[in-house]
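Next come two complexes, and both contain chain A; in the first it sits with chain B, in the second with chain C.
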Partner chain A sequence: MIVAEQKPLEAIRQMIAPYHRVLILGCGTCMTVCDAGGEREVSFLHSSLRLIQAKSGEEPHIFSEYILKRQCDPEFIDLLVDKVSDVDAILSLGCGIGVQAIAERFTDMPVLPGVNTSFMGMAKEWGVWDERCAACGDCRLEDTAGICPITRCTKGILNGPCAGAKNGKCEASKDMECAWILIYKRLERLQQLEKMRRYYPPRNFRAVPRPRRLVKKVSVGAGESDG
Partner chain B sequence: MANSLFEEKLYSGTFLVTTEVGPPKGVDVSELIHHVELLKDKVDAINVTDHQSSVMRFPSLGGCLLVKELGGEPILQVTCRDRNRLALQADLLFAYSRDVRNVLCLTGDSIDVGDHREAKPVFDLDSIQLLKAIKTLESGTDMAGNELKSAPKFCVGASVHPEADFIEPQLVKFDKKVAAGAQFFQTQGIFDLASLRRFMQYASQFNVKILAGIIVLASARMARYMNENVPGIIVCQAIIDELAAVEKGKGLQKGIEIAARLIKAIRDERLCHGVHVMAVGNEGIVPEILEAAELAGVSR
Partner chain C sequence: MYPSTAKDANRYQPNEVTKLSFDHSLVPPCQAACPLHMEIREYIDLVAQGRIMEALQVIRDGNPFPSICAYVCTHPCEDACRRSQVDKSVAIRALKRFAVEFGGDRRVRAEAETTHSDRVAIVGSGPAGMACAYYLRKLGYPVTVFEAHSGVGGMLRVGIPQYRLPREVLNTEVQRLMQMGVEIRTNTRVVSLDLLSDMGYKAIFITIGAHQSLRMGIEGEDGPGVIDGATFLREVNLGLKPSLGKKVAVVGGGNVAVDAARTALRLGAHKVSILYRRSRTEMPADPVEIEQALEEGIDIRFLVAPVKLNRRNGQLSISCIKMELGEPDATGRRQPMPIKGSEFNRQVDVLITAIGQAPQTPSDFRLRIGRGSTIHVDPVTLTTNRVGVFAGGDAVTGPATVTEALASGRLAAFRIDDYLQHRYPRVDKEMRAHLAGDLLPETIEMIRKIGRLEPPILPPESRMEDFKAVESVYDWSTAVNEARRCLRCGMGAEIVSQDKCATCLNCIRVCPYHVPRLDVNGAVQIPVEQCLACGICVAECPAKAIILRKPYDQRQVTDELRHILNSAEKSKFRPFIVGFCCQYGLFGTGTLANLWREAKAGIWIVPVLCVAKVEAEHMLYPFEMGAEGVFIAGCGEQCARENTALWISQRIGKVRKMLVQIGLEPERIRGFMLSSTNKDIAQDLDKFVEQITRLYLTSTIVEEVKS
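Presenting the complex of A and B:
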């Protein structure tokens, strides 16, 4: 899933300052799971902003709240149409994709990002998420025992470890495991060390020109087709 | 015919001695010039570091040109941290055109250990892919397969870490570097000759020249600092204790003694093909170390 964290309250306060009526818009998918912008966070942010406002004596904003099931999906965004007619800006607690999807749909409406979208990852324990995928578009996990060197090696190198690790930890941070040592050990356990001995050529960045677009190829074998 | 003076020496059977200089942060190259003049006739080649420890400095290539101008034999250190494949290939073409013919291919330290921690890490290639890229240029095309107007030819080296605390993947990488065309290796700092002996038992099956890296320590504090902060470097406790035992102000003298002792032992035992002396900021003392190791003479 996509992992994000909410921007500092002060940054959000400054961002919304020019707008009187602000819709705080949560997202019911990834942002809910990573505790950055689900129903609970929307409600909490709403209360916090009102509290700050009451203390500061500034001209009060008028806040409203809404949660979309997914901000990145046009089907759900349509549900917003009557929620935005009487607001001056949308403070989206969706990921960067959500913010842009909303902005694309409501061309005259300022859409403000309430979270910093961090990475694609997974929950390690309560309140801890780890990055796992860089969406490089050329998955090589088969060759690396299911451990991604592009994401988990700080240098993203493909032919084995640099010489910087100590005690199995990365030279960039003593809190990070050296991905290549993990890969070596797991390949050894799987009796596939020959995969480590192969030469891997430089990455093909052309496989992923930005921005990327994915068009689903219609599968005829799967039953009905569009013809 | 050899591609460079250093390549000629590499296959001459003499015990090789290289050292390295770090370019300045700034445009005052007087100290660099001083060190090159001091060292050029006492060693077989001088490496010029490429933003060592990810600290932005005067470039390696510029330093190599200076070494050339002063009559020395430079080894261009090239890391993959700061340049993509276009820039790396271009620098290599330029280096060749200016008679800089020895190249040490390195992945490069992480941006996170240096002084520009917000910079974008490049690593478009890794050290092995860089070695391959050089072989490609030498074959007359660039990495995209386009023909070059006349091809360069280099003497290429790489690094290896015999004292890594988990050696197996390092050896796999060593094999791949040899297969990718590395002719010589300058190792990460060696402090324990037992690990070098073990490594050489393995490495001697390959037709490559190994120069043992000798880091000159100036104090126990420096050794501990390196263990804590410098990627990969592991100074063993025996050396730290030895440095800690001397009175204040005598650390560097002890460091010179230790370095000379290691070099002499490597030379006497013919443990490997040479040494690469890294004086990290104390380049001026390298002649003294070679003297103490009885390597100062021309015939080795």
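Presenting the complex of A and C:
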């Protein structure tokens, strides 16, 4: 799941300052789950924005709220068409993908990011999320006992641990587990310690062309039959 | 959620789901068990908030004579109460009595207008007849009640002893009936129904009760020194003082037997014993009554049955035999079997037989009689074999409870109305589903155990002097605390729609009772039979996909807040502080009321049904409306629910963070939670108000300097 954090109120205020009528647009999927842009956060932000403009006495914006089930799919975005006719800007509480998807659909509409998309991760417990995947496109978790060194090692090294590991913790932070120690321990449990002996050549980051596109559908030419 | 301060806001309101406006709550087990189907959960909740008048209103809506039931109801609701799975059932009857007495039921005037010309005769003024008269009057019929005895009330007057039902209570209800225009003819025994028809009565309701005592069928039963329980109680209740001598024995195990024994004791008998042929577990009398009888020194002999009565030189003696319990019979009770050779004699002055009663319907009524001399009726329409003649109460069911009789009388009133209006009888259909299923052990484990609080009763010594009521009424705080034990079954949280649910699992993580769970399809389910309606998940759901099944509980905070802010806007007192105060428990017992009274001008209190339902947004909103400070006062450790204080601090934390970003001091919002000891929060509150006043003054000065 994508995890994000709402931007500071001041940043949001500055962003929306030039626009009179602003639609606060929530997202009903990842942003709801990570408490950054679901219906509750949309109305809390709405309330906060109204409060701050009441306090500052500046010319009031006109806010509206709407929640899309998912901002990253064109069919859902279609539902927005009649909601945006009378707004000057959309403040999207979707992740970076949502913001771009909305911007792509409404070519003349400024779309502002209300959250900082942080990482792909999982819930540790109520209100705590941890990063787990960097979407490198070259998954090697089978060799590292299901623990990703790219995300969980501060250095992202493929052949660890480095010399900074101390008592199983990372030198960068005493609270952070060393990913490679975790990998070692888990390989030991799985009786696959021989995997530690392998050398992983450095990854060629330049080989990953961005932006990536995934095509699942098969191209079927006109007039062609299954034969 | 709130109207924007900005003009012409083109707001979309995702909360406007029609589902919110329906009562989705399930019928709780107490209500299902009540013959009158009273809204018990509702009035208990109102008592827990200290809203006694409203509680009485709810009670009166479902019960024509609540003050009578408050004394003598056998409370099947308490047997069904699911709190007994946790510790002990809620003392529903005693709470009703509290509501009736503190709510001022005595002063409630019942009025009725006559809108129909068809007259209805009611034969018998017992609870069924009174209830029927009450509802027929409400429907606008002229009603005449015929009573053979000198006093109105049937078994309520001639059967139930005064120490269980003070006669003032009964008299008040009778007077109220007369106020409504019910004509009551006492000392009038109806001998012929044809005569009533000739007198112009279009419908007749027969509710003659079951006053005929059953015979034991043993030798010597018909002779001096033997009296049947119903006759004995009737004589005592009508003011006679039958001479009893010193030693009295009562045969039987029902309420009449216990009533007779306790009455005999109060008439001066020195030694009163009850002979019952089964054991205490099988004894049909109310366990509380049995307990009180034992306290008063009544000797209950279990597994003993009389076989013969002997009289020698004017001295009565009973030959008894000891019994043992055999196989269960058709009713499920174990059948007593005599033990051979265990006979013994017992000398008594008077023997009271109380082994059951049956109705005695005059044959001139020409009614079809069914099992046990009861009148045969259609169970849905209460019609007898004669046109326009209906029957109900004990006369139809055999000896039953007051509440059942009231329910039967009410039903008869509606059916008679149908009959007189030439309507096909509309059978009541319960539209709402009943709550089924027990609490799970993991839910029970998490529920705070709070012992049942009983109303005070007179000590046994002072009870026996006369016939004064044994049980007293709760005091205010005990009643409120007892009512707070209600688990609010069947009104818990539900997911508005699975589409709205983001399956974030927050509800599963925040529920103190481990109620929400994932089904096999990965959807979140909140089993209604487990949920205790604390409201934490409702306020924590990021998709706002969870609502409470009672629409009032859902809207309450928002509605109250809006209402308060509207009135506060007009006031000029500064600083302007909004406090969310729990209405349950201690606050319900008067702390809240004191806060209201003593609150300095400018403090506005939003009563909430547990602070767990106050969302972060609610806390922020007053600031937008110009409030200088907000506080939340909850029951903390005294809360009947778990974790409420924890979640309130979470939300306060969130709001504080936002206040800082907005440029307001985080101290402007505070939570006050009661500790386990009864601590006065007024002092803390004073300090808070002082602090806010200072902040207010500073900000005013700063603003003035600026300008």
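Worth pointing out:
By our rule, the second predicted complex is superposed on the first by the 213 of 227 C-alpha atoms of A that agree within 3 Å, B and C clash if a C-alpha of one lies under 4 Å from a C-alpha of the other, contacts with A are read in each partner's own complex, and residues count from 1 in each chain.
The criterion applied here is as follows: a residue touches a chain if its C-beta (ideal position, glycine included) is under 8 Å from a C-beta of that chain, and two chains touch if they have at least 3 such contacts.
Since the structure is predicted, the reported quantities are computational estimates derived from the model, not experimental observations.
With the C-alpha superposition on chain A as described, chain C and chain B fit side by side in the combined arrangement. Looking at the shared chain after the overlay, A:Ala123 reaches chain C, while chain B stays out of its contact range.
Looking at the shared chain after the overlay, A:Gly168 reaches chain B, while chain C stays out of its contact range. Of the two partner chains placed around the shared chain by superposition, neither chain B nor chain C is touched by A:Asn204. When the shared chain is aligned, no partner comes close enough to touch A:Gln14: not chain B, not chain C. Here chain B and chain C are compared by how many residues of chain A each touches, and C touches more.
Applying the stated contact rule after C-alpha superposition, one finds that A:Pro60 touches chain C and leaves chain B untouched.
By the touch criterion defined above, A:Leu158 reaches chain B but does not reach chain C. Computed from Cα centres after superposition, the angle at chain A between chain B and chain C reads 130 degrees (steps of 10). The overlay of the two complexes leaves chain B and chain C separated by a minimum Cα distance of 25 Å.
Of the residues of chain A, not a single one touches chain B in one of the two structures and chain C in the other. For chain C in complex with chain A, the residues that touch the partner chain are 1-2, 4-14, 499-500, 502-506, 509-510, 541-544, 615-617, 620-621, 623-624, 626, 654, 658, 661-664. Within the complex, the chain B residues that touch chain A are 81, 85, 107-113, 121, 123-129, 132, 143, 159-161, 164-166, 168-170, 172-173, 175-176, 179-180, 188, 227, 231-232, 234. Every residue of chain A that touches chain B in the complex is listed here, in rising order: 154-168, 170-173, 180-181, 184, 188, 193, 196-197, 199, 201-203, 205.
Those residues of chain A lying in contact with chain C across their complex are 8-10, 21, 28-29, 32-33, 35, 38-41, 43-44, 47-48, 50-56, 60-67, 69, 83, 86-87, 123, 125-126.
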